[in-house]
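As structure tokens, here come the structures.
Two complexes come next, and they have one chain in common, chain A, joined by chain B in the first and chain C in the second.
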Partner chain A sequence: MKKPYQKPTILKLQVGFLREKKSSLSRMVRQEIDGVPVAELVEKFGSPLFVFSEKRLREQFRYLKRLFEGHYPRVEFSWSYKTNYLDAICRIFHQEGATAEVVSNFEYEKARRLGVPGDQIVFNGPYKPKEILRQAVLEGARINVDSLDEILDLEEIARETGEKLRIGLRVNMDTGIYPRWDRFGFNLESGEVLNVARRIAAGGKLEVVGLHCHQGTFILEPEAYGRAAEKLVDLSQKLENDFGWTIEYLDLGGGFPSRNRLKGLYLPPEVAVPPLSEYAEKIARALLTRLPAGDYPLLILETGRALVDEAGFLITTVRALKRLPDGRRAYILDAGVNLLFTAFWYHFRVEVEREIPGPPEPCVLYGPLCMNIDVVEESALLPPLARGTRLVLSPVGAYNVTQWMQFITYRPRVVLVTEKGNVEVIREAETLEDIVRREKIPEHLK
Partner chain B sequence: MKELRPIINSVLNSYSGILFLARPAAGLAILLFSVLISPNLGLSALVCVSSAYLFARILGLKEDFLRLDFYIYNPLLVGLSIGYFFKIDPLSLLFLVLMGIFTFLLTYGLSSAFWYYFRLPVLSLPFVVGSLIAALASYRYSNLFVKSLYKFPTFSYFSLPLWLEGFLRSLGAIFFMPQVMVGLGLFLVILFSSRIMALLSVLGYATGTMIAYFFTGSFQEAFSNLNHFNFILIALALGGVFLIPSPKSYLMALVASAIAVPLTEASQVFWEKFGLPAFALPFNLTTLLVLYALGLSGYRKLTLYYRGTPEKTLDHYLTLEKRFPARTWEVDLPVSGRWLVWQGPDGKFTHKGPWRYAIDFVITDEAGRTYAGEGLRLEDYYAYHKPVFSPVTGRVVEVVDSLPDEPPGSANKDYPWGNHVIIYDPRGFYAVLAHLSPGTLKVKKGDWVVKGALIGLCGSSGYSPEPHLHLHLQSGPEIGSPTLPFVFSAYLKNGEFHDFSLPAEGETVEPAPPERRLKQTLNFLLGQEFEYDFFKNEEFKERFILRVEMAPDGTFYFTEGKGKLYFAQRGSAFYFLNFEGPRTSPLRYFFLAAPKIPLLLKEGLSWEDYLPLEVSLGPLKKGLYLFILSFWPSFLKFKARYQALNRFDFKGEITFNDEKIKTTVRLAPGKGFTEIKIEKVNENLSFRRRTNHEQESSL
Partner chain C sequence: MKLKRLAISEEGFVFDPETGNSYTVNETGLLILKKLREGLSPEEIAGIMSEEYGISREEALRDIQDFLEAMARFGLWEEKYG
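Coming up: the complex of A and B.
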């Protein structure tokens, strides 16, 4: 067979690569997702296309559950809705035993609509409209209070219902992480938490039964969780002693990283991101050494990204080729930052649907928007791609299908590759009708 | 008069105690028989037993202690035997007093020794010794008025079949009154108290005597041998008293009655040489021998706590002992998360012989593998470096922390246990955790650890082809002492709550740590009161107040005035232990609806429990059921299944043969039960707590 023509290039010889069974190049090829060929997916469901793997979702959940429960006897995973609140995805996690962590009336209603009972919902967030707060109270949700005004709201609801309400306090603290997320909840070091606790006790309408803290997002320092756990245990013991409350749960929030390559980090995620087992160990060790043996509060973890990110793929197609003035190659994809909000934080793994001959060279991946910011990847190392080549971007499971925009173009289909290998549409592509349905034209403009 | 009652009761109990009944009324009946039919006999016995009792009081022994009837039924029997031979006069009275005191001391001493060395009851062995001594001594005491030298009138009975007469006379012979009327009276007393015993007495007598008939060839001789009362006692003791009544205990009773035949004959021949009666020696020897052998062989259904009749013992066994096995120690699961029982007791690899009661744990994934990746590194194994917790509260007596973790696939044959911790539990045993990872132990020798305290991390040291945790209880402080059986106080298996049991090999378990809120919700304190409205078919019936009170033995109970409902928090669950009281007491519905509440309710969690018969049966029906159950243990399926609806609600379904009862319970997050509903075929009952916010807010 005649070999296709290749442009002559000079390549640096890298000995290490040769010794590997798989060269780094062939590793950048993805022909299928959970056994379903990429080409088939695109043919059937179009491009761009979000693909989620049920197998990976369940496996990752079970892995995390096994991991944390192996270290601490009472753990509850509360699926962080904002990460990805597609019904099908939530259902999978609820089936696996996760409760729901919601931060708004919309998310609360979505969880209830999915059949999650109120007492299996953790209600966070800085603004909980009073109506939904009342509903959550009546339905027995775990409410983590963010501000003093919310406490006043809750006291009013307590007066209405005539019963003492059990609430959680959201606490922010110094765990050595920068930037500190100190706008949420009450500060620990300044003594604000204790002041608030005194106020709550004096009010006599509420009882604190839980403590919550969320240090930030994509936290790469497992020890920070250990410190947070220690501080929460100390605080809970102080509250129990001073006010006679029983702290039933400690909620360490989320922020656990996925194996995604954060911008600004030089090292690949396999090296830079500590394994989740280290987080589990640090948290459990802090709790087990500080708590009286056998008397364990529930540990709630609001994992989102760590569960879903690596189960999500975006298939996109090269729609046009370009050469930039500086000589770099550039490709126009049919998916841009409108669909990939996390492109602002991550360098995705870019895989090509088939092995393409030719040396890899740096190139830029642009999205379809006529906006300068629409850059999916500033410098990918790819062999020369022909128009119509499909790329698979990952991990894209977290935050994208919630923060995506209907901007300039339609949002595509989302499919789920089931455990049996079937492909199910879990969100249909948007149509013009979807977008204009809510619009109204005033009489004089008709 | 009130102070006299316990004394009278315990004297009367000593009469009924000879027949293994703890019923003063039965005792009174027997006392009256003895005094009416043979005043000489009856009064002698009374004198002997009273002197023993008084002496015990002088020793300072309390009523509670003397309620154990065998302490004074032995002097009673000796009194009967003396009364049988000698006429009452001042001299024989003195003799009675002396022998009463002697027999009491003998009983006191022997029972303690028997229990200490053999874990056996003393039965009527002191009586055998005491009456032999009395008989022997009286050879020299010519001043005693020997009754048998002087004819006393005997009634001639209306004609009864020989076998019946033989049985009744043998029954009477237990009390030295081998007369048909006495036997009939005693049989009625037995029948009235316990149908199981009545049956056993007939079966035991028939088996033994028929075999004696085969050997001797004389029907007449076999059925008129009064020593055959031994068969009756053996059948009673083994069939219904010291073993839990069951087909097996009945079989044991029959076999023992049969093997006692030659023994009875032999001892009769032997003692006749000395001109002495054989007394109850065959009964004592046979029963003790069988009991000792059963104890050694680990027979599971030995009676631990005899409740007065075999029926009551069976009921107690079916409920309490089935719910809380008392023969094995319970410990906590020493791990967190889901672990697979890789090798259980009597396992296929190493849990053999004296080390058979042990468990090896590993962690597996959904595919059943114990490791991720290729399993070449220790870190690949899920169990590796997972925390290990103390299963007991006690003192650390040994710590080995320096052996290396063996790489997967290899094992250290020189130090098979690897790094281990031995903890002495004050209940009297040692708990061993083995194959820990070096340098991870958080305890040192001499430390006091509580249940659930972090001990170290799971490793692969010692004879450990892959990281796993080994747990056993042993009798001695050195590693490798013989192991002891144990159960876990609570664990979850496939979403089901299990307690006081052991998972089987290949099953996956996880600990069931109690939730802090529920622990408080169901922590009832002395003097707390809860007011309930009782509705029947939605119609208000009555209002009652539940009060928490404490029994003398330290257990707590609810009472509304009529019944008592005992409860306790044990391990990870709240239990209703026992219900006492009339059937009209609403408390039994509380028992029905919530015999056990795991302190970690959560949607979908389910559990099972056994219910005592009295919570749904009247006394007559209950007796009948127990009688049938003793033959046919699976006759009655009185199981209850419960399932949590959420953190504070659960429902139950009780299947009682064909009848189905549905229950729902709502707990108050603050304290106690908010509402209990019982749905029967034809009626709906509900108990609603009257809200009192004062109590809630004062918490």
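Coming up: the complex of A and C.
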């Protein structure tokens, strides 16, 4: 029998309309973070307030480390500073055994200040000022080169030191994902990498000992990592054969997703985001099937978001209520895109501190800035909230406390709920003095 | 090719990573998308649909054209074969 025919249709999905389905009030309530009541946190430390969970940070790190170590014998996690470079957060990861992955002079200096030895630092980034590059060379950092000009800088430093320098090459390639990040490092398919390798070998001042590839961000395709690993192994064998170098490490960068709801994705993250074990499996399979037995270069992973995002919360308070001309409710919160840079990419989980009666309805959550773009969530489904109600937004652990802006208002406190359940301030709220301290008024304006 | 970068699930959810827009297609819509991605022409797909669903090739082709127009309005279909 023929199947019943239905004319083909394609419908564009609207955000508000979609999200009604699985919402239930019980899922939207969060009274505490790691056992500390939300109300108590706000009373003591104010609102808005970033809250990190030490327990979640450590647990996620241990899980990921053991997961990858279970698949491949030599793995190093290098903590991606740009994702969250608060001292306390970095310390936790360093205590767990992570090295530091930095991309600028500021991040390099911050890692050194925290006591990370130079040889425990992976130095990436498209612009490494000469001075810090020299320091990184002298301190034995792993330097992944992004451009030919950087190679020239390094050759000059090699002439100064009189020693051959060991470097890594940053490689970009087609791993079947879109968009392709091709502005960093040297392209594989075009043959640029090999040309650069020939140039390095001819110079005689540098030696390539590592390969690095960072494909992009929030990559939902584990197989892309498998392909990147395959290509890096093939390239390393070619370099070893052609130039006599020994490739000691393969760095697959970061880009692993967290359980955040990416805008435009219909399915909830629990369904849409592949488990990290799939990434580990694809990478290990690519490496173990291609490498000669017993020859295991160090696998470096610069996981940022997947380690820290879900350990971070932002408590914010409803400060005003509005009704928009189209009939929707709107709330003005004391935290906006000044604090939540990732609101541009994600629909956060929005939880209310206590159960509130009334039917959930679509509403808009605005921040406190006098800017049209200051929208924390364009379509949340919440019961009617009273002024003063506290909301908990998550996951917000990645990028927000580095990309936040001092704009219009002060940045709030950041606290850490320790493994023992104590609450420690890990960054004080800004004051007027913090902001104006670097300003100067010329004589004639005084 | 524009179609290639769409993420299409077995359940008929379509995500365009360039615009961030999501779409839903029904069973026949999904069939057309999949076959287009395999490089089949609308005429060839019409043949398959008339076989599978017992409709005439003309009707199938007309519906496919209509579907492609809807796709074009969403910016998912640019020209005759891509």
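What we mean here is this: the second predicted complex is superposed on the first by the 423 of 446 C-alpha atoms of A that agree within 3 Å, B and C clash if a C-alpha of one lies under 4 Å from a C-alpha of the other, contacts with A are read in each partner's own complex, and residues count from 1 in each chain.
One rule holds in what follows: a contact is a pair of C-beta atoms (placed from the backbone, for glycine too) under 8 Å apart; a residue touches a chain by one contact, two chains touch by 3 or more.
Quick caveat: nothing in here was measured; it's all calculated off a predicted structure.
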First, second, both or neither for A:Y72, with chain B first and chain C second: first
Partner chain in contact with A:G162 - chain B first, chain C second, else both or neither: first
Partner chain in contact with A:N372 - chain B first, chain C second, else both or neither: neither
Chain B versus chain C as contact partner of A:Q120, first or second or both or neither: first
Which superposed partner A:T289 touches (first chain B, second chain C, both, neither): first
Touching partner for A:Y5 - first (chain B), second (chain C), both, neither: second
Partner chain in contact with A:L265 - chain B first, chain C second, else both or neither: second
Touching partner for A:I247 - first (chain B), second (chain C), both, neither: first
Footprint overlap on chain A, comparing chain B with chain C: none
Complex contacts: residues of chain C adjacent to chain A: 5, 9, 13-29, 31-32, 52-55, 63-64, 66-67, 70-71, 74, 76
Interface residues, chain B side, partner chain A - complex: 332, 335-338, 363, 365-366, 382-383, 385-387, 389-390, 449-454, 510-511, 513, 515-517, 520, 603, 646-647, 669-670, 693, 696-697, 699
Contact set on chain A toward chain C in their complex: 2-13, 178-179, 263-267
Footprint of chain B on chain A - complex, ascending: 59, 62-63, 66, 68-74, 117, 119-120, 140, 162-164, 166, 204, 209, 244, 246-248, 281, 284, 288-289, 292-298
